[in-house]
Amino acid sequence: MGAGDLTAGLVAVGTRATAHVVCRSTAVLCGGPWFDACFRRLDPDAVVEWMVDEGSAIAPGQKLCSVHGAARALLTAERTALNFLQMLSAVATATRRYVAAVAGTKAKIVDTRKTLPGLRIAQKYAVRAGGGVNHRMGLFDAILIKENHLAAAGGVGAAMRDAERISPPGVWIQIEVENFAQLRDALAAGAKMILLDNMSLEQMREAVGIAAGRAGLEASGGITLENVRAIAQTGVDRISIGGLTKDITAVDLSMRFD
Amino acid sequence: MGAGDLTAGLVAVGTRATAHVVCRSTAVLCGGPWFDACFRRLDPDAVVEWMVDEGSAIAPGQKLCSVHGAARALLTAERTALNFLQMLSAVATATRRYVAAVAGTKAKIVDTRKTLPGLRIAQKYAVRAGGGVNHRMGLFDAILIKENHLAAAGGVGAAMRDAERISPPGVWIQIEVENFAQLRDALAAGAKMILLDNMSLEQMREAVGIAAGRAGLEASGGITLENVRAIAQTGVDRISIGGLTKDITAVDLSMRFD
Amino acid sequence: MGAGDLTAGLVAVGTRATAHVVCRSTAVLCGGPWFDACFRRLDPDAVVEWMVDEGSAIAPGQKLCSVHGAARALLTAERTALNFLQMLSAVATATRRYVAAVAGTKAKIVDTRKTLPGLRIAQKYAVRAGGGVNHRMGLFDAILIKENHLAAAGGVGAAMRDAERISPPGVWIQIEVENFAQLRDALAAGAKMILLDNMSLEQMREAVGIAAGRAGLEASGGITLENVRAIAQTGVDRISIGGLTKDITAVDLSMRFD
Amino acid sequence: MGAGDLTAGLVAVGTRATAHVVCRSTAVLCGGPWFDACFRRLDPDAVVEWMVDEGSAIAPGQKLCSVHGAARALLTAERTALNFLQMLSAVATATRRYVAAVAGTKAKIVDTRKTLPGLRIAQKYAVRAGGGVNHRMGLFDAILIKENHLAAAGGVGAAMRDAERISPPGVWIQIEVENFAQLRDALAAGAKMILLDNMSLEQMREAVGIAAGRAGLEASGGITLENVRAIAQTGVDRISIGGLTKDITAVDLSMRFD
Amino acid sequence: MGAGDLTAGLVAVGTRATAHVVCRSTAVLCGGPWFDACFRRLDPDAVVEWMVDEGSAIAPGQKLCSVHGAARALLTAERTALNFLQMLSAVATATRRYVAAVAGTKAKIVDTRKTLPGLRIAQKYAVRAGGGVNHRMGLFDAILIKENHLAAAGGVGAAMRDAERISPPGVWIQIEVENFAQLRDALAAGAKMILLDNMSLEQMREAVGIAAGRAGLEASGGITLENVRAIAQTGVDRISIGGLTKDITAVDLSMRFD
Amino acid sequence: MGAGDLTAGLVAVGTRATAHVVCRSTAVLCGGPWFDACFRRLDPDAVVEWMVDEGSAIAPGQKLCSVHGAARALLTAERTALNFLQMLSAVATATRRYVAAVAGTKAKIVDTRKTLPGLRIAQKYAVRAGGGVNHRMGLFDAILIKENHLAAAGGVGAAMRDAERISPPGVWIQIEVENFAQLRDALAAGAKMILLDNMSLEQMREAVGIAAGRAGLEASGGITLENVRAIAQTGVDRISIGGLTKDITAVDLSMRFD
């Protein structure tokens, strides 16, 4: 039962209401399906009319949507619906800024597993809404071989073979390297996607030269809006950024009853 | 089943491991019980040794805890455990800054219902860890009468009576007012806690004078680290801040295997 | 899917119905929000009209509410809705009797963690509805130091210090004592709430004298409607009673279709 | 995460403990599998040794079982484990008293759907442990035709045909009758189990004569320990009692650490 | 939130629709309550009108039901509703074929615990709809003593006594035997239902002679539509078949919008 | 709590056991991570040693793995673990047969949304293990425009525009066509993936010519092992088959205790 039940009891049974959501900051709208679902779970006849497309830019003062339905359902669902919308729009907005910063390069902006507990699927959708690309790990579809696996397995080649043994066809194997020797081993072992961990711009450029298109390269660690374009210009294929999903500046929204 | 199962398969069965968590920013530590639970759900014999007390200040380079247990359990739980710790420490850190800013005044820093979906109870704990106070609404224990209820009920007095009728003894009734007329009506109706919505500093001071201790007053809306002290000095009893729980700057942490 | 699905199939699709709930014993009504939610989950347009305020006294033959909605929804939800109402009213009724028994003293009636599995939040609400006060433990907001912790820690003072170390600001520390030596140690260690476990009336009176207002005292163990007033008159601040939530005499209710 | 996490933090990691459960009233023991599961969910190596068979009589002072395991797991699970055991033993104890009261007659003691929310399956097990029989309704396996269905369908025969149409082979159809005319209609329509609602002893005896073994008869409504034997002696086959599962007098148990 | 949310967004808000389900193979219809529930969870006013009784034979081209409701709800629920209906009808159809094959004998067709994960209760209902009988194990209501328990306990008699000790009255004890010596021991120990594991037709006949009605006998292992009648004719009471619930040939159904 | 708790009680506390799983049919092994998780949830120290790689071919009599752990945990988890393994191996086996049948063509074998309720993610993994490709719909990542959307929107071009409006960047739009006019409209509207619904081999070949590589083409409906190669040879890019996940012939496995 929703947290607002007692308060909703203040409104007479059978009352219907209309409300609208207004934006109070510059952002990218994201989360419409979750917002809608909050209201429709309590009132299946609730109608949300969106004036703005999912994934498009919004500005202060802009009316985003109107909601019509049972007044009690609107009151009970309001806070949770806005909590989803302000958080997912925040993720899409941050992603859009990074995507804009690398415009014109071939680099894709990619999310990570540094997400809010319980909200991974929704946050991945918001990353796509902002123009980013999803890292696949999470649904039994990928293995990421990291430093400690390399040590345990006894080297890059052995670790790649172990990963192939425990995973069936269709699982995507990614390997993290910290220096050029590991990079060359990974390429020799047939890796298709290689993650460059905390390399300098110069090292990334050299890694791109070494790989020479034989595998995709992903830059990771210490990415900011300030340095992301320079990183993209090194020629890497993907840039993964934990901040897309772990740092949240909620988009400022308010819902007003008419 | 955890998202990391396939990767954990890279480590030989029966291997045990030790890892430690290092802080990389200045913050308040929070979330130990959630961090511990992530590991113990997969390995009940996992041991987490904390070098730092829950709720205390931490600094870059500081070792926070060490974790010993089955290597597969550590690998599978690592990401989720850190996701909890970095988010809850972020909430405690933000709260601590507001609490420090009002030190010496009688104002309490209070959270709101603007939380991350599904994480309300954990975030409320983190607000307390930072020195804040929890708003009670959420477990059938409070009613907040807002602007639209006032309109529907036909005034402050009528709304207070409605709230008393639908709620049993033990439920806490709070009422939001926008001007002094409503404030006086709320006081006359016997309100015990009154929320001042988006009032200026001057208005708040006047409200404190009008209330004259007959009810608690809570400032709400537009609070920042810059203006919070001035608001506290108006004499209000509580200051509620949505940003404590909706804006997150994840505390930077890393877990390293020994 | 609800247990009554097959039976509900006996009613023609589209049929609407009205029913009302009648009380058949002397009790305190509690559980309206849960009762309403059972019906509204199956028919969001279902309307429950209450003739009696939540938390008020009810008598045999009294009509409590009427329910209007889809006949199938009413049939499917009826049993679960009544199961909540009869159980929560039972808790509120028992609490009210204890509260009445201590009227005029300063003692508060408090619940415990001896609840029905899965129903703790609802039962705590019912205790408040009956005029009782909730013990806070349960949501990461309190620590209760008991006999076995004292032994492990090596005394009251050490145990209090351990509790402070593992819990952040905002967690409420309560300590259980069995004799005056422990009571004095707890007072010296700065305890704010002390639980007197199974003390005689005389011992409680002496404990009140020793504490002299430096900490709250809570009587616990062996409380009955017969002895509760005498206990309250010893001057303790709180009396906690497991029977409020573990012993249930369901309030007799029936729902009749018009 | 369990409610006791903070308190469990008081015990040093790696500490093992032994505790035992002692009974403090005369009762029937029930709930061992739930009690065990509470501990094993937190410590899979926890060992519960029972000195008493599930379903047997227990007495004040009797030691019921001992529990060995990680001290933190024991502290965290203790309250929930006891809450299950005291409630399920209460159900088995009440059932055993009714079963004893009808000993020597052919009547079976049967439960109803008046259960504690969320605890139906566990309570049904406890009814069997006390010697009772489960009413089957609840898992898509039975239809109970009640008064209001009779009115809607236009009589007993029509209602029986409707029930057969919407339910496949294998679903058990039971019909509730209030007078002899309905009883005769139900018998004529081939009913296999007929529920006599609130009939007097004399009416039940006459109903037994009318049915003459063509269908099972179940007495229902107003059953007490005082009148249950007389009801059984009318010759009915089953006696269903809501109080078995909706009224709970928790069996008094305590767990002590060695 | 349902998987089809994005697609449902293609239909204008407020649009209502009608669809019907057509069968495309020869089968037994089963799963109506689950099918209905999928739609009513999203639109409580959705109406499903069935032209065919639950549990009856259906043929290619036959119209099974029509569905009226909110177009968005119909689109979102369609796939899940059909997934239930095609799977449960498959189970009922397979069961019906085995039941038909043993018609005229006293043998009952019984399901096993070899079910689809998470779908046991629904599949058991479908077995009954096909004319089969449910094995009871699964809700704390039965113990099945198998080969390895016999070895651990030190023989059939000892294992039967152990089972009686750990289970209260009302739990059903079944024992699996592999030869006549074990069968005789089980009969001597008072077993009420004995499972004959992978015996030949001749062995089963001899087992029926040995048991001579003192216990029920259940054939198990290697049952096919070809040999099931011969097995039934040996005189066993029950034949349990894992294939009823683990092998699924989905009944071919389609839903068309009018 | 697991269904086998009562039976597991037959084994003495503290007993450890070893068991192994043997295959009894020709198949592709799939489901190791789920199998492992069933045991480790009950005994985190349980060890499963696999002799066969996930996704590889297995034969009758072959030993697949051995399991070591607490005997009670092994008994309780056995049935659920095998239920996962036999079902997922069935899906991988069926997929592998289709993949083999189209070997040498460019066509990919793709799953659909016709899955077992609640088991979609696991079944998609098994399709990949068999060499198939996952249809993406299901996690807010794709829209499939079908016949009824075309009618509602007023044509292919309008439907494509609607889909773009309601979905943000990163959502994959697929459109189903039934004739060449619709196919040409879809190509003109910029569709990237077009589903050919129930077309003849000749029609598919012509569709491939019309598309001329401007969009991917997916064949769907009526696919069997007999016709799948001919369909692949028409030049379509993907072939989607509901039977991969809705028809299950459980792989025959048994677990034997050593």
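To keep things simple, chains are lettered A, B, C, D, E and F as they appear, and every chain counts its residues starting from 1.
Keep this in mind: contacts are C-beta pairs under 8 Å (C-beta built on N, C-alpha and C of every residue); 3 or more make two chains touch, one makes a residue touch a chain.
The shown structure was predicted, so the numbers you read here are calculated from the model rather than taken from an experiment.
Engineer: Determine the set of chains touching chain E that also touch chain F.
Structural biologist: Looking at chain F and chain E together, the chains touching each of them are A, D.
Engineer: Taking each chain's centre as the mean of its C-alpha atoms, give the chain farthest from chain C.
Structural biologist: The most distant chain relative to chain C turns out to be F.
Engineer: As a quick test, compute the distance in whole Å between the mean CA positions of chain B and chain C.
Structural biologist: For chain B versus chain C, the centre distance works out to 26 Å.
Engineer: Can you compute the centre-to-centre distance for chain D and chain F, using the mean CA position of each chain? Integer Å is fine.
Structural biologist: Distance between chain centres: 43 Å.
Engineer: Scan chain B for residues touching two or more other chains and write them down.
Structural biologist: Residues 5-6, 9, 33, 44-45, 139-140, 166-167, 171 of chain B each touch two or more of the other chains.
Engineer: Which of line, ring, star, complete or other matches the graph of chains that touch?
Structural biologist: Contact map by chain: other.
Engineer: Any two chains that touch count here, so list every such pair.
Structural biologist: Pairs flagged as touching, ordered by label: A-B, A-C, A-E, A-F, B-C, B-D, B-F, C-D, C-E, D-E, D-F, E-F.
Engineer: Would you tell me which residues of chain C are touching chain E in their complex?
Structural biologist: Within the complex, chain C touches chain E at residues 1, 5-6, 9, 13-14, 42-45, 70, 73.
Engineer: In their shared complex, at which residues does chain C touch chain B?
Structural biologist: Per the stated touch rule, the residues are 30, 32-33, 53-55, 92, 121-122, 124-125, 127-134, 139-141, 165-171.
Engineer: Can you tell me which positions in chain D touch chain C when the two form their complex?
Structural biologist: 3, 5-7, 9-12, 15, 71, 75, 79-80, 82-84, 86-87, 113-120, 137-140, 142-145, 148-149, 152-153, 159, 162-163, 166-167, 171, 242-243, 246-250, 257
Engineer: Going by the contact rule at the top, pick out the chain C residues touching chain A in the complex.
Structural biologist: Residues in contact with chain A: 33-34, 36-37, 40, 44-45, 47-49.
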